[in-house]
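We call the chains A, B and C, going by the order they appear; numbering starts again at 1 in every chain.
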Amino acid sequence: MRIAIRHQLSVTPPAGTANAVLQLLLTPQGGPTQSIESWSVEMAGIGNAGRFIDAYGNIAHLVNQSRPEGELVVTVKGVIETTDRHGVLGRIGGEPVPALYRRVTPLTKAPVALYGKYRNAKETRLDILHGLMARVGEALGVDAPGQSQMQADGGQSQGQGGVAKPLPPASDYAHSFVGGARALDIPARYVTGYLMGAEGGVAAFHAWAEAFDDGLGWIGFDPRLQICPTDRHVRLAAGLDGLSTQPLRLVPAEDGVRELEVSVAAA
Amino acid sequence: MMLGRTAQNLFWLSRYVERAENMARLLEVGYRMSLTSRREGGSSEHLMSMMQAAEVDEAFAAKHKTADVDTVAHFMMFDPDNSSSVYSCLLAARTNARSVRTAITTDMWESMNGAWLEYSQIKPRDVRGAKLLGLLQWVKQRSHEFRGALLGTILRDDGFAFLQAGNFVERADNTARILDMKYYVLLPRATLVGGELDIQQWTLILRAASAHRSYRHVYHDRYKAQNIADFLILRPEMPRSLNFCAQFVQQNLDLLADFYGRKQECQEAASQLLAMVEDTSMEKIFSHGLHEFLTEFIARNNRVTDALSESYNFY
Amino acid sequence: MAETAPFDEMYNADGSVREPYRALNAWLEEQPDKALTLMQSDAEAIFRKLGITFAVYGSEEGTEKVIPFDVIPRIIAAQEWRKLSKGIEQRVKALNAFLYDIYHRQEILKAGRIPEKLILQNAAFAPEMMGLEPAKGVYAHIIGVDIVRVGPDEYYVLEDNLRTPSGVSYMLEDREAMMQLAPDLFHRCKVAPVETYPENLRRTLESVAPAGAGQSPNIAVLTPGIYNSAYFEHSFLADQMGAQLCEGPDLFVDGGKVYMRTTTGPERVDVIYRRIDDDYLDPLTFRPDSMLGVPGLFNAYRAGNVTLVNAPGTGIADDKAVYTYVPEIVEFYLGEKALLSNVPTYNCTDEEQRNWVLANIADLVVKEVHGSGGYGMMVGPTSTKAMHAEFRRKIEARPDNYIVQPTLALSTCPTYVNAGVAPRHVDLRPYVLVGDRVRITPGGLTRVALKKGSLVVNSSQGGGTKDTWVLED
């Protein structure tokens, strides 16, 4: 599928900042599930940015702005051609060894209730991972049938029969899944990207997970949607958790990142 | 190559050493005058006006009700809450020196470090009466020793210029403040003969600038308001006069311009400072207004520090 | 081991003087009464005047102390040193190979030679370093190896220091002071020089500059500032090397490159000898609240525009739990047996070993896995029953947080104390530089426990230093 993306974020350095330094993880790479037709990152100072590959194999930018005034706006846009491979990415060159993704971080500590029943499971790793994805869905909640209107922050509004509590953001699902897999000694990583909503659905900046199988390599799992990533998922960056994959990081920072706009549509 | 912070530390190192010396001078004056005061409450008034010149009177009043010699001496010498106390100045000077140890000579460091180590060992309650004068003398001597080590050992490069600029900016500020505090007794008046009170005030001013003896050498005359003002403002041979300080500030900033091959805003600021005390006369200054003149001088002197910070990337 | 008399480096059991100490012994006997007392007070004056001080943590802010210096040098014979330095060189090569491996393919983990969890779940492991190619493949450029001697030919490595080992300035100043205090003694002994250290440090740093830095790379020493306990050393080394001494705010990143703010504008920096811990190095990558570091510095490093010395993440190789695997590491990467032994170490997570440790704690040394500087440590034979009980409880609560070793009978050296000259326990920290090649300064820093019978040599715990002489043939 050909998908056009436009994403705009902003951060505001504290008044009087002498030098604002930003790290961007907003550049997708081509791979088995996607090829990049065009991509651009625009912001003041990007022309002078340092470009490097981070520890997890992502393309990163190091941007600085001396004496910034007001908010700094980043606009990314591009066109990506995606392929549905039922979530299977396989092995990708230049990535760190999968074992790295067994490291537990503060954000990826999962309760035993989530993964305990698979500790001595006889099933294949693939079956265990699908089971784990279902467990995460049970624990955090899933969309009622016919309701899949995600909001940009991963939450959801349910219209039927009064106002229900919104579901947690997609990042919670991804962290739970990753934490559960790691507790079972399965390498798992956190993935950021874009999700094109189903018909009528709202586009979003999204998060899901990937786990490693010795036979198939890396396989994607989207526990928020309870599916393996499809050609509606555009993969942006991967890492240990949501912290190491933040799309935009700023020092010195006062407030968080503001999402100004995200649109993901068939091109 | 010199870090902007290093330049800043050098500049302030010198300023704080000079300030420590000036505080000791002022306290000495206040102390002497309080001893000779014959009026009821006169002693306290002298001490307060001395602290006014040091610009610590408000900080003092916030902490203490009455100004007696012991309380004031302790406040001026040892109180870490008083950012201009000799203690605070020496600590700040030594802290700056520590940050730039590689940019100053061993002799300078040892002089500074030695002064601080000795001073920090002194127990304030042991310093009373005659011991106070001895300690004030010691502070001045350590300042002279540091200056001697500086002049005798350091390379005449950018570091030297920053150090010297700090020294003379601080001294200019000090002299201008002493004058401004007492400017009204320096105004030419109908009566040519000063009263008892005036003479006392004039002595205070001259002593604070270590100028009471050299005054005689220059003027061969009794104290006169106009002469005193002239001596401390315009006389180029008087090493604490505004003219002298402004010349040194300009010279050292020019040295920087030569060294770096480029004039910047701070050189212009120094010229504007010097312009106030060059090719002028006391008559002109009086007709303009002495207080207005001094206020403007202090502002231009501050502008030199600001421009220097801008030009050479202090923080 | 605690029962036997410690090895005396100067005297044989029969009271005769060991060969390397003969000249020193003769010199000591010639000294008139009070000469050593005078030397000792001269030494103190020299150090205080130079401002060679360290800040004491936990004491009143701004307190500075002079590390006690002992005027009697410690002497190592040429052949003893050759053996030691071969062992040290082997060890630092292996540790660097280990670091390269665990931040790349992790073959040693795949081979099962070290438990994967011990590395990957370790707080000292820096995932941010994965895949980074450091110049010349070196991670730990400046290493201090703590060695103790227990017999004529028996040395143990107590620990490796691969983060930012300190103390090298004391090694240099001790020599300087000793030359001032006892020039005549130098005439009698052929002592290998240590004064080459700053030049060797500079060469080492230049050799790992990023490609494109040019013939004379710009070097900066990055210090947390004047309130750091080792600030004196930072400024001393910068001065001796002719490098700029910078604090975090003196440096900034622009366009992925690192610059320092000078009086004439930005100046490019190629190599940073940083004396700031990993966590505080770059608020953009590590602790966001750090005020000491330089935002973007780590990414500039990843982009290959600057070299950080030592690399972040080297702490995984001197972790106390990883320490026990160093002989394994040497064999795995170099295919050789380790020349220097480790101190036997008990693993408290193993129930059998733990029970033995709990029963024998009064004879053992307990160290916190992440402690340093002698803190979080207990020496059984010199501790009270209450402390034994306290550490028993601690070990039972968190067995993985402690390593336990036998109390080693550290060798003793003659030391000047109030009562005259008496033996005191010593250790040795040689300093190693790794760049285009390995450079080891002959000798190192000898730390001495000034309290009679004490085995804790840390300066924060009442230890002093001695000049260390390696004799030349």
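To be clear about the criterion, a residue touches a chain if its C-beta (ideal position, glycine included) is under 8 Å from a C-beta of that chain, and two chains touch if they have at least 3 such contacts.
Here the structure is a predicted model, which is why all the values come from computation and not from measurement.
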Per Cα centroids, the chain farthest from chain C: B
Chain occupying the most central position, where position means C-alpha average: C
Centre distance in Å when chain B and chain C are each reduced to the mean of their C-alpha atoms: 47
Centre distance in Å when chain A and chain C are each reduced to the mean of their C-alpha atoms: 43
Chain centre separation in whole Å, for chain B relative to chain A (CA means): 63
Touching residues (chain side chain C, partner chain B) in the complex: 48-51, 225-226, 231, 235, 238-239, 244-247, 249-250, 260-265, 267
Parts of chain A lying in touch with chain C, wherever the complex brings them together: 19, 21, 23, 48-57, 60, 62, 64, 66, 94, 96-97, 99-100, 102-104, 240, 244, 249, 251-253
Complex contact set, residues of chain C against chain A: 104-106, 109-110, 116, 120-121, 125, 127-132, 252-257, 283-285, 288, 295-296, 299-300, 302-305
Chain B - residues contacting chain C, complex: 1-7, 95, 98-99, 101-102, 109-110, 113-114, 117, 158, 260, 312-313, 315
